[in-house]
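What follows is a short report on a single structure.
Chain nomenclature is as follows: A, B and C, assigned in order of appearance, with residue numbering initiated at 1 for each chain independently.
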Amino acid sequence: MSDKNIPLFRLHDLRYAYGSQPALEISSLDLEEGQIHAVAGPNGSGKTTVLKLLNGLLEPTGGEILFRGEPIDRHGYACIRGESVLVHQDPYLFDGTVAQNLAFGLKIRKLSSRLIQRRIEQKLSLVGLPGFEHRRSRALSGGEKQRVAIARALALEPGILFLDEPTANVDTASIELLERLILRLADAGTTIIFSSHHLAFAYRLGTRLVFLAEGAVVPGRENIFKGAVENTDDRFSYFQMGTQTLHCPAQEGRFTTAVLPLNDVILSQERIHTSAQNQFFGRVMKVEKTNHTVRVSLDCGFPVQALITEYSVDTLKVVPGEQFYVTFKASAIRLY
Amino acid sequence: MIDSLVQAGKLLFSGDREVYYITLTSLKFSLSSVTIAALFSLPLGFVLGFRKFRARKLVIAVLNTLMALPTVVVGLLVYSFLSRSGPLGGLGWLFRPQAVIVGQTILCFPIIASMVYSALSKIDLRLPETLITLGASQRQVFWMTLREARVAIISALLAGFGRVIGEVGVSMMLGGNIRWYTRTITTAIALETSKGEFELGLALGVILLVLAFLVNLTLHGMVRYER
Amino acid sequence: MKKAIGIALTLCLVTVLLSAESGRLRLATTTSTENSGLLAELIPPFEDRTGLKVDVIAVGTGKALALGENGDVDLVLVHARASEDAFVAAGHGVNRRDVMHNDFIVLGPSRDPAGVRDMGSAAEALKTIADHRVSFVSRGDDSGTHKKEKSLWIQAGLSPNGKWYKEVGQAMGAVITMSDDMQAYTLADRGTYLSMKSKIALQVMVEGDPELFNPYGVIAVNPAKHPHVNYDGAMRFIAWITSPEGQNMIGAFQTEGQVLFYPDALK
């Protein structure tokens, strides 16, 4: 029974230290059900730690995790582990055949051997490795190993899938396969939480992004829009989001995500005529001050954030409810 | 030297009841001690290897120190406890197999525990994590991780066995070298040596080596069979 | 396969731990007494008649008495009169009885560099050995033999010291072997010597001096101090070895055609 209003995970003052080395300190973070959460950040920023804490492989040294609103205790960990599986970066496969690996978790849950076999076939097709049942795990390539590990996780049909650095150690063809797989799973309702230092991958797939640096959540400095490029001509690519269109630099390819830095968003009280191709009109929803810059959230038919100076906020009288023109250049947009 | 080998052979195959008896006694005492020590050190090694707690380094240091204890010292310490004038005298274990096994268990425990810990600390951490994430219970994780490290663990058990099968300080002090009861190969060797029967002592020593060798072979054979 | 081992180990543990305890009598004695083989003769008839199993724990004199003091054995059979008396006086033991005596001899290399062969007085022989600074091996372990040796030195009026005097802290058999190797003099009990005679070159230099007599005493551990001891069994054993039958057996015991022990209980 999932109440869409309660976040799947809520982290509160969560801390983790390896021995005496503090590794993670997240004061507040919510993860919703049914989304594809990308935890991005450089190596050592604590991404793997977060995933392991959420999957119950590590116990926090401080703070708490609420799973569907309930704080986690011994019993809670069993619940999480029953619903989720984590796939390691460079996963560990048991010595034996691919089928034996996939059957492992199913045998623990005491499924019938017929059902086990069917699941194995199903999941191996899903990851693009049909007929791999009898291959020996030690004889697989990096990409194949990872897909087998994912199939092994999927065999348990978890509602939540954790992927730690799924693009590391894996060739490009496998990455494309992985993307399609993740999207497919998300469509079917699985919550995906993955970590990556590969920003393009994170942007492309993630519907919610969390940035980590040195163990703490860093507020994002970019707007992330999901949509698709419907047309391209020699001047622009046109990124469609619902009824809105963004003008982007002309480029080839399939893109699902458009990224716009907060700094490149200009607010004005009047319509301005500039070289910028994108101009919208919207209402201020929230104004947050942080360290002499101000984060302004607006609704232009789609949510947009801008980062402007305090001075500008005072001069333009930027307050919730006021309406402004929102302008930005096509070249400020990166497509993924 | 050759004389002793010949004598050893003669002893073994002469069907001398007493030789068989002391050999069996040595084996019974040492196997029992290693088994009991293993029962404690496997979980301890597991906890040391996979759980981080503050006293961990201290426990490891203590184990390493205990390994250096001479057998006579262990014998003395246990004697002071099990003696009738000691706190545990009421158990009446002194000069019975129980006392020897207690002493030998104390002897081999530190070795087995620290080698098991070492073996487990080399296990790829991804294994227990993978097992947990796929839904294995604590017990299953414990046994499967042990299985993964079985070769190193067998070595640990053999090292423990080696320490006790050849020891004399504990057996002598706590068992009393009582004929047809607590006399082992090693205490018999000590006895014959004290009588000046050096060659007989050596011959018994050869038998001891053969015994240890056979135990080694058996355990290693088991591991290969498993694979 | 694993199950088989598991079962075997469990059986092992079980049989070992459930070994019978009742009806055992624990006797602490010295290594030389045990090694003489006398007890192997004396004990079986006793066991047959009483149904008791006698556990012989052979250690040094000091340790035997300590075991008695701690109540870890039921009776002691040693040959160190002064220590025995102190043991009883301190209340650790009761009913001390004379059992037998054997004798010590001075052994030495056949060429006899100190010239002590056939001397009548052991103390004098030792003094002569010291004066000539010829190698002498001592038990050095406070055993009955060692105590006797020390009393002889006192009689001789000197304290042995120097490279020629080697205190090795070993049992009698090892000491004899070492003395043989080193061609040194030593004090030994006749029993151990006889059992090794064929293997060594050492010869008897001095014997028969009454000072060399080595009396044995048997003492039951005081049940008032240690209520758990098998006092009844101890008294029965003492009765046995001091009975005419037991004493005859002691007197009849021979090694290498020689009588070792002289019964003293019924004088």
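The rule is short, and it goes like this: a contact is a pair of C-beta atoms (placed from the backbone, for glycine too) under 8 Å apart; a residue touches a chain by one contact, two chains touch by 3 or more.
For clarity, every value in this text was computed on a predicted model and none was experimentally measured.
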Set of chains whose contacts include both chain B and chain A: none
Most central chain, judged by mean C-alpha position against the global CA mean: B
Farthest chain relative to chain B (centres taken as mean CA coordinates): A
Two chains sharing the most C-beta contacts: B-C
Whole-Å gap between the CA centroids of chain A and chain B: 54
Distance from chain C to chain A - Cα centre to Cα centre, in angstrom: 86
Rounded Å distance between chain B and chain C, as computed from the means of their C-alpha atoms: 33
Interfacial residue positions of chain B with respect to chain C in the complex: 28-29, 31-32, 35-36, 83-86, 89, 92, 94-98, 101, 176-179, 181, 191, 193-198, 222, 225-226
Residues of chain B that touch chain A when the two form their complex: 52, 124, 126-127, 129-130, 132-137, 140
Contact set on chain A toward chain B in their complex: 19, 52, 55-57, 81-82, 84-86, 88, 90-92, 104-105, 108-109, 152-153, 156
Of all residues in chain C, those that touch chain B in their complex: 1-2, 5, 9, 12-13, 15-17, 19, 21, 26, 31, 35, 55-59, 69-73, 170-174, 176-177, 192, 195-196, 199, 226, 228
